[in-house]
């Protein structure tokens, strides 16, 4: 069992304010009109820990929506890398387990065989403190996807927190995390009873889920039913092609690269920004577009998250955070689509043989 | 008897919108200002639109004074629907209007009018020899547009100004950074006044009636009474009883005159003639320094009047912003029927909007009277007088003089035909 | 002067805002104007070569009179490239709201004597001639205008944004006003470019950049209806900036 | 190391192949190490214009030089084709997998190319002709829209003359004067002229996806194993290193798992024309 500490709620706030002297402390903050947004906090009191999920996850600090890559001298084509505007030494507090899992999923893309320079840098400079969920949120199904409600990762994070009413149980995930907790003045070592309380909370949290998705055999089923009518019907009746689903998805990694040249045509800045398979141009090449229909684009989203990701990276591309359905203006729910195919399979209306 | 001679200018360049004119060179010169800017029928299609769309739609009447149309319409609708707005909203709208008046004047002065005086076809040709002028223009314009954009979201066709108030209030730090830029152009504005004052303009005296909004306490922009140099002094609600709009066969714009047929002049010169004493002391001193005094009846001095207004607007914006702590505000609009009008000072002068709204908040009737409609007959009157006075000159000189005169009024044909 | 690229700028039924935005887009202005040869632009300079030829013709405004359509066709013949700039020219914009009313009624509400008026149904430029690209927006944004000018100088096909305003909302982290506050936002069917101006300033997008290609207007209209918006309200939203467009037609079910 | 950071390459030589296609021979400008295998590609770029993938059309490095054959399709390709010897462009790569020449050893080799797709096949054609003893019979079936579009025609004619490779060419629209040995019609028609057992052969094909579809389907009908047919796929690409997501076909990244795929493997996914 890992070493854990207990911090009373007051001591937790003191600790945050101590960390602020040394780090950029980021966390969920309540905004005017109600939304919660991850941003730098000026005081521990700004932190709004009782939240379900934010529109954009903490992904934006490690893989920002837009990023400047290079400056290129147009004359001699010499390239200068623009270092990522560093979050400096940032600590992100209260990362939900699903979002932590999502970052580890992103790691598989950007820190795989070939490492993305910018991602690597920001990932290294950003510490992550996970906050376990004591109850399910309305749209969430992380439990089904093996991503929550309590942290399921072995590594790749720095600290894990559990709110236990009057105090927090804080467990260590990395050496750097250990360094952080050592700065907490009034910490005391956790006792076995504390871990029992945690297990109890976890059981309760798991029991609170109303939304489930059966994942066994799902990738195969989806790949066998690529022409299932659910895609066309949903695409026609409800999908706006607006890309909200993929923009808010914490595991989506696609990007586009754009060159911007100065007006005197001497310098080029090469940038990248989040792109989405729901955009019309995404699969366009000279002479055609491989996903010109909204149906094809919607299918790409669903099958990538729930099927082909597994073949690519050995994990699901969906962590069950519920964002895509929450922020889809028409409430399209990919689990509903998957479930319809599963039901059709049970009643014999979907294929079990290989798609050809 | 020989045929009367004509001068036809098919197309008047460097004005906002599309118009030409035809001059009959006779002992009794006749003038037709042919405004062929195609009508878009705003008053026609606003009927049936919802109250909250009107500001966004009428903003598209004019790309140079969108703030004025938007604000005037919204004020009229607020009046019709009995919506009260906060003091902060009134103040913000004032700054908003002033910033746009300054930016609009600057474009007119430097890009449309100035080439005339330097003898260039346009501003592009001025770049090599007169770069400092243009750099100054850009600095000033950027700062003032920056202020409009800060408040409105963008300088052209802003989005935050809606019935009831502003949907977004800039943060203090954003005001501070724009303020810094505005302070940096004070000197430029003074120089602009001196540059314009140094231009040689035709000596011309026009007997005109000037009309502007007037307020005891300040140099009125969005509120006040409608006052003329001929003794008119009415509330905005009385506007329809004292102004008459009529269609002419050669123009899509209508002519608006005072009851009884008197042509009027509105705009910067009219404003100075009516409320010079409400300008800030600094501006009045500068005016005296460059030799400007009211009453001034030379329409070519409208340009100088505009430059003085730019200077004044910049100072006032600085004061107004510094005197207030801006805060987020909540507001709610209740839909109610009614009628209401509003008049404001657009860059080119008095602008009037009137709406009748039904109980679902839908527009039943709309009436819009623009500065250029107000000026229309006066421009023709001045042209006639000028042509009569200069009949001896050659035709080319007369044509140029006439073009200059029209441009001095800074007419906006997109507004006039809407 | 400049690269010798000859540009002609023409104004039809519009507010002239696009031209203002083009010439006065801040500190780039002087560099822009100098980098190309503006051989025809009535609002900028007297004279000029109305008949071209042009490397690039920019058209502002909707087409509402026959002479405009005729001239437009002539310009097309004399231009290597032709692009509508601004919503009026791209998708009908505000001038096309009049198409929602009976033409003569709309005219009579404005003029006593309509015999001198020769207005046609408002159409975008591509209704009459082939176009090489669209500079969207009301007014067009600095990004797209800069892209246009630079592309001309570089001899490259300009890349205008073709996705929805929602994308910009996310890039800017503007909270979705449709989902969070139930405001009828046109963002999902509206072409990006404004930087999510309205949603990030606390109001719903009203569609001023006109339709996104492949917009699903029907699905959004249905969504509005489920939110309790009346047919008339929905109709108005889809006709404020895109009356003559096929993309928004499915949202324009007459009440 | 930043994998998105391009290196600089110098244009050494440019040859116009036809109306809209040029071959550019390049070498790295800064004496960096470089090596590649046929079938792979580079991301070539110009500031302001961006980057795009281009296959090698040369067999192997000669004096540090390699060749890309590029068709003018848009702004970037047009600008690259306008470069002259001595000009600089940016380069990243090589990326992607190679033609499975090992797997073809001891078997008959059928190569089917269409249009600009002939370019990436040129190195394998040259390799096969240079190492004829390693393979059974060699078939080179090339198709294009017009005669002018038949890339490297003379080169291939020369190389195959007097050897045991069979070169068959076809065009969609032919001009009668030179039609002596070039047929009119679809490239699939040439498959009928193959007189080896498809089961004992291996196929490499590159060209429009529709063409590859008909080629593959016909060969499968003729008895070839779908896993013995190798297709080279084209997709939009921004990064070339399996990060940007654009080139995904189902679970495959064209840039990393491809661009060359066994037909049977890539066919199972949606959104192709195969």
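Points to keep in mind about this one:
Letters A, B, C and D name the chains as they come in the text, with residue numbers starting at 1 for each one.
Simple rule for what comes next: a contact is a pair of C-beta atoms (placed from the backbone, for glycine too) under 8 Å apart; a residue touches a chain by one contact, two chains touch by 3 or more.
Chain labels with UniProt names: B = Ni/Fe hydrogenase subunit alpha.
Since the model is a prediction, treat every value here as computed from it, not as a measurement.
With centres computed from Cα atoms alone, the innermost chain of the structure is C.
Ranked by distance of CA centroids from chain D, the top chain is B.
If each chain is reduced to the centroid of its CA atoms, chain B and chain C end up 25 Å from each other. Measuring from the averaged C-alpha position of chain C to that of chain D gives a distance of 43 Å. Mean C-alpha position of chain B lies 65 Å from that of chain D.
Chain centres here are Cα means. That of chain A falls 39 Å from that of chain D. The multi-chain contact residues of chain D, meaning those touching 2 or more other chains, are 48-49, 74. Shared interface positions of chain B, defined as residues touching 2 or more other chains, are absent. Residues of chain C in contact with two or more other chains: 150, 154, 202. Touching pairs of chains, sorted by label, consist of A-C, A-D, B-C, C-D. Taken together, the chain A residues at the contact with chain D in this complex read 69-70, 72-74, 76-79, 81, 109-110, 112-118, 223, 226-227, 253-259, 261, 265, 268, 272, 275, 277, 282-287, 290-291, 296, 299-300, 303-304, 307-309, 311-312, 354-356. Residue ranges of chain A in contact with chain C, taken from their complex: 31, 33-35, 37, 55-56, 60, 65-66, 236-244, 247-248, 258, 261, 263-265, 273-274, 276, 279-281, 294, 326-330. By the touch rule above, chain D contacts chain C in their complex via residues 48-49, 74-76, 78-79. Residue ranges on chain B touching chain C, taken from their complex, read 11, 13-18, 38-45, 47-50, 53, 56-57, 60-64, 66, 107, 111, 115, 121-125, 127, 131, 134-135, 138, 141-142, 145, 153-154, 156-157, 159-160, 162, 167-168, 247, 249, 252, 414. Here chain C touches chain D in the complex through residues 150-151, 154-157, going by the rule given at the top.
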